[in-house]
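Going by the order they are written in, the chains are A, B and C; count residues from 1 in each one.
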Amino acid sequence: MRKNKPFIVLLTLVLMMTLVLSGCGGTAETPDNDEEAAGEVIIGYVGPMTGPSATMGTATKQGAELAIEEINALGGIMGSTIQFVTRDDEADPTKSKTAVEELIDREKVQMMIGQPNSTSVAAAEDYVNQNKIIQILNIATNTALIDPEKYPYTFRTFFPSPVQAEALVNIAKEAGFKNIVLLGDTTALGNDGIAALQAACEAAGVTPVEAITYKSGDADMTPVAEKIKSAGTDCILAWTLGADGAKIVSALSRIGYMDSLTYLGYTGLTLPNFRELAGDGVDRCFTLNGSWSVDAASGQVQLDDARQALYDKIVEKYGKYGAGERTTTPWMIASGYDAIYLYKWAVETAGSFDADAVKEVLETKISDYDMKIGQTDTYRFSAENHEAISGKDLLPVLLDKMATSDKIFGDVNVRGTFEK
Amino acid sequence: MPRFLTKTGSLQKKYSAWFNLLIVVLLLFCLVFPFIAGNYYMRFAIIIFIYMILSIGYDISAGYCGLLTLSAAAIFGAGAYASAITITTLKLPFFAGMLAAMVVTGLISLTISLPAYKVKGHYLALISLGILEIVHRILNDWISLTQGAAGFFLPPWSIFGITLTNFSKYYVIFFFLILAVLFAWGLVKSHWGRDFLAVKNDEIAAAGVGINNRKFKVIALLVSSMMIGVAGSLYASYSEYISPDTFGFYLTILVLLMVIIGGSGTLSGPAFGVVVVMIVPEFFNASPDLKQIVFGALLIILTQILPGGIAGRIKKRFRAIDDNTDIENVGDRPPISFEKFKVNADGPENILEVSNLTRRFGGLTAVGNLDITVKKGTVHSLIGPNGAGKTTTVNMITGIDKPTEGSVTFNGENITGMEPFLSVKRGIARTYQHVRLFKDMRVIDNVAMGGRIYYTYSMAGAIFHSPKKRKEEKEAYLEAYDCLKLIGLEDKANFDPESLSAGQQKLLEIARALCEKPKLMVLDEPCAGLNETEVAELSEIIKAIKNVGITVLMIEHHMSIVMGISDYITVIDYGRKIAEGTPAEVSVDPAVRKAYLGEEVPTC
Amino acid sequence: MQQLIFGLANGSIYALMALAIGMVSSTTGIVNFAHASVVMMGAMVSWWMMVIYGLSYLPALIIAIVVSIVLNIVMYEACVKKLGNLQHNVGWIITLFGASIILDNTARMVFGTEPQAFPYLFEGKMVTIGDANILLHELMMITIAIVIGIVYQTVIKKTRFGRAVRAVAFRPSTAELMGIKSEYIILLCFAMAGAVAAVGGVLIAPITFASYTMTLSIGLKGFAAAVLGGFGNAKGAFIGGLSLGIIESFISIFIPAGIKDSISFVIMIVVIIFLPGGILSAKIFNKNGFASEKV
């Protein structure tokens, strides 16, 4: 029997409360400070900075930091310096939700860059919108995240799942593939992707042979490859992340089937060292890119000045891609960078930090925004549509050229051609 | 009356007014907290409360019962999902969800505890790790039920049709925390809690005081899982969104860390731990990279330098400085004597009959065709050289080992191969060659454990502190105190057993055995490691025990005591009986002199 | 055929892990829960040596082996040694998990989060047997694993060191009395386990890619294989590992992807319950749990 227990219980509780209280003391003052310091605008970002999807999370953070540094050096947004608060959610939706609540309640953020993981966005999106925080999703693809009725303050500057799915299916259909197989992992991402692909197939009148799933991060992907082979596939529409995709491609090469098919993946497939991981099969791998990148006449991808300038800045600040240096992809950094500038532009156009005013600007005056470093050149926001990009803006690009160059909007991207 | 005996150490009694004041202040503080804290801190406090319920629950099995499982997160998640599905898909009220959570987590605990029935240590860790992974896969892949990795949204939390605001959520969860603490308090401050600790400390000694180890392991896991399930259901309803990723290995490690930091096997420990584990990450917002490394380092360092955690350390310190003053004011107890343990004289004359007892380990026959008859009310010694099979014989008599052949009859009943916890109830108590005390309990608790077979109050009684519980506990502790007095250790009642000398520890084991009120007491080398004074003292105690009618079966090498107090002696060598008779007969037996005593008779 | 080779190749890695887990377990009775992390470290270090310092395969492997040995020894010193009686104090389960967390996160900080390509042996040459394409690398995986297994078995059975290991495994205190330094033997076993870990890591890395999460899914299967074959039994480790690999390889064609991993855990749990000594031990678990313990 523990005789001193009550005492210790008490002591614990006291300690705990002291700790919590001491924390409280701090917060009670914070809101006042923020209100008074009119010279500050607080932008929040929650994303995975540890764990398997840390690259995405870190890339967005780097992009945002780069933009904020520049903006602050030039006097901030309408004279207010930007303060950037970030939290690591480890890609865990529940942690993400807690972190978002913390940023909103304690840090009093005025704008948030959405989490890269769709599940995390879904978990916290209600709270963000209840509190009238402008939220820009720069990476998350899940369809349901954007809904101007339900989430009036959430905008997306990236290709959502249905847009990508539609583009993938149409490309495959036009190329005349017969045995199309859908491929996705068992995570929320894969489920959403396969659902979007199936919907797009139905809309386009294409009947896929099979939908194959696998477990993300599995050591051995040959069973997946065998399934693909036995389905007699000539085209895979793949909702796979880079590492998994590379593993599957190399497994397909192993069993000697890669030559018989075309691997068409959504944008998550891009990985700077895809060729090294996947081997020669990469020559038959394609992904999607914004139509700006492709020169209509020659099929060559040209990097315009704005994007080239940004790429140079990224290399200058975060280093070249490679082991021991930067491991983040430029387009993700760019999307974080763009989100900040988009917000800056909207606030300045509205002449106010008020969320409703900013929202209205984004919905009505978006054609005036000329920061051309995003996934497309034109953003298509309107009161009914909070998606910046539509299916028309996408083209297939040979993955190899994009990936190995470390310039997703780089100068050597070549539009792929399909051979059957 | 000596309230301290069942409730607190004397230091605590001294300052009880302060403690009560502290409780009131704390309660008040928690009650007004939402009014002074912002939304964020209120949420922070809610999460802390939920984790407290979770880790207090986990501590019951891992801390008290020593069942180190790694499936806490899976059980928490299963509880959360069970209640979420009940509430959302089946459209049932919140409490039905909570019930469902308890049922599901209870079932999962059975899948862990049924193997735990047999195995322990790393096997248990591996099984629970497997369960963690399997539950995780089910949450991810059974999409029609759990909505898969995308997560599960719940409707706003409502109880009895009233939708809760953030404020009311705080109070509801605080209420459940209080319930959980009271529940755990009632449980661990009863013989149940002590039994769990006993199972953790020493399964053999636990069986020796009548504990069915397997039953208590199953119960500990069941209770603990259901409590975690309750935490899970609260979490689901509070959060209104749950996803499988939350309930992974990382959470298990966090819960483990909470319990380790705070102090496993203590009631307040987990609460301490939760606070520390929740606060630490706050310092690492800027560099999340380091956070997990710090957690890993804490696991390694704390396990080694602070094995009892914060609470354990405080407790130890208190026991060390406890002056035991209150014990002297025990009140007017009648003077104690061994008469209290007098055994009535019915039953057969030969209280213990061992016939043809054989134990083989592989090809080695440790004990072969042994016949021993012990007469009631005698001191019967079993002697023989090292490795002669004495302890094996005694182990077979007390049920710790099973004979290959032969039978053991005790008091006219065949008890061959009977589990030790059952033979205790028939009146066989024993001590061990290497002292087996319950090191996480005080001296007085150790003795009181001997009387645990006489408790009759139920688990519900324990939790609600029923009058029956209070009466029985008081009786048991007064009796244990009497036993301590008989062996002269009453002034050490509140100490840790490890602080006693080797001789005192041996005496303590005898006191514990005495507290079982046995008909037969088996002493395995009671004099080993004792000095001459202590041996003399012990032989007086053994005589006193014999004088009240308790039969003593003793293994001993100490010849003066064997010859001095034995009525009969059986000599065995190489597992076979080579002589038997009174001390006088045996000491002149040529076979004995040759095989055991050697050519010269040793003096000691 | 193809499936069989995949199964054997993966299985040989499970077997190597089970073997290393068994080495540690045989002398100390503990299960090294941080083993998968050491395997990962072995692979990452040799990758790092090859890519950053441009070393060739063999020197990189040797450095990785040395690092893994050092890691394992440090781990023993920091996490296990001070705990005293490892049968009664199960604190090692906690400390080893702590070590595993530290290793994983250090690897993430040092080597980054992106998976990296790791070269195959023989530059990924393939041979075709029937309708199956088989990488020479895979054949090497199986061969190397079996060679290591045989060498270990011979060392244990035939040499003085092996006898010492068996003595320590049987009863450390008695071995100590016989002039065997238990601690030294245990340390050597940890070191050997580290070396085997590094080899396993380097062999599996081309297939899983080198990243700090590379052993996430195979780590637990090493334990499953060890349980299946019986702890501390080289033959058992191989039978456990290879059969697990083959079962997985054949079964994964027929069942949904998500459930595949659960299969090995279900097998593991069933084996623990019904055959705690592993499939090789015909000994049915003694129903009386105390018999093995000295009273």
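Simple rule for what comes next: contacts are C-beta pairs under 8 Å (C-beta built on N, C-alpha and C of every residue); 3 or more make two chains touch, one makes a residue touch a chain.
Computed from a prediction, not measured in an experiment: that's the story for all the values here.
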**OP:** Counting only chain pairs that touch, give me the topology of the graph as line, ring, star, complete or other.
**Re:** complete
Subject >> Most remote chain, CA-based centroid, reference being chain A >> reply: B
**OP:** Report, in whole Å, the distance between the mean C-alpha point of chain B and the mean C-alpha point of chain C.
**Re:** 35
**OP:** Between chain A and chain B, tell me the centre distance in angstrom, where each centre is the average of that chain's C-alpha atoms.
**Re:** 52
Original post:
Hey, what residues on chain A touch two or more of the other chains?
Top reply: 50, 186
Original post:
What are the residues of chain C that contact at least two other chains?
Top reply: 105, 108, 256, 258, 261
Subject >> Residue numbers of chain B (touch at least two other chains) >> reply: 140-141, 289, 292
**OP:** Show which residues of chain B lie in contact with chain C when the two form their complex.
**Re:** 66, 68, 70, 114-115, 118-119, 121-123, 125-127, 129-131, 133-134, 137, 140-141, 203-204, 207, 213, 253, 256, 260, 289, 292-293, 295-300, 303-304, 307, 391, 395, 400-402, 432-434
Original post:
Where on chain A is chain C touching in the complex?
Top reply: 50, 52, 54-55, 58, 185-186, 213-215, 217-220, 222-224, 226-227, 242-243, 246-247, 254-256, 271-273, 276-277, 279, 323-324, 327
Original post:
In the complex of these two chains, what residues of chain B are touching chain A?
Top reply: 4, 6-9, 11-12, 15, 19, 22-23, 25-26, 29-30, 33, 36-41, 43-45, 47-48, 140-141, 143, 148-151, 181, 185, 188-189, 193-194, 239, 241-243, 245-246, 248, 250, 262, 266-269, 271-272, 274-275, 279, 282, 285, 288-289, 291-292, 311, 314-315, 318-319, 441-442, 445, 448, 494
Subject >> Residue ranges of chain C in contact with chain A within the complex >> reply: 2-3, 6, 10, 48, 51-52, 105, 108, 111-117, 124, 126, 133, 135, 204, 207-209, 211, 213-214, 216-218, 248-249, 252-253, 256-258, 260-261
Subject >> Touching residues (chain side chain A, partner chain B) in the complex >> reply: 1-17, 19-20, 23-24, 27-28, 31, 49-50, 86-88, 90-95, 97-98, 101-102, 105-106, 118-119, 122-123, 142, 186-189, 191-192
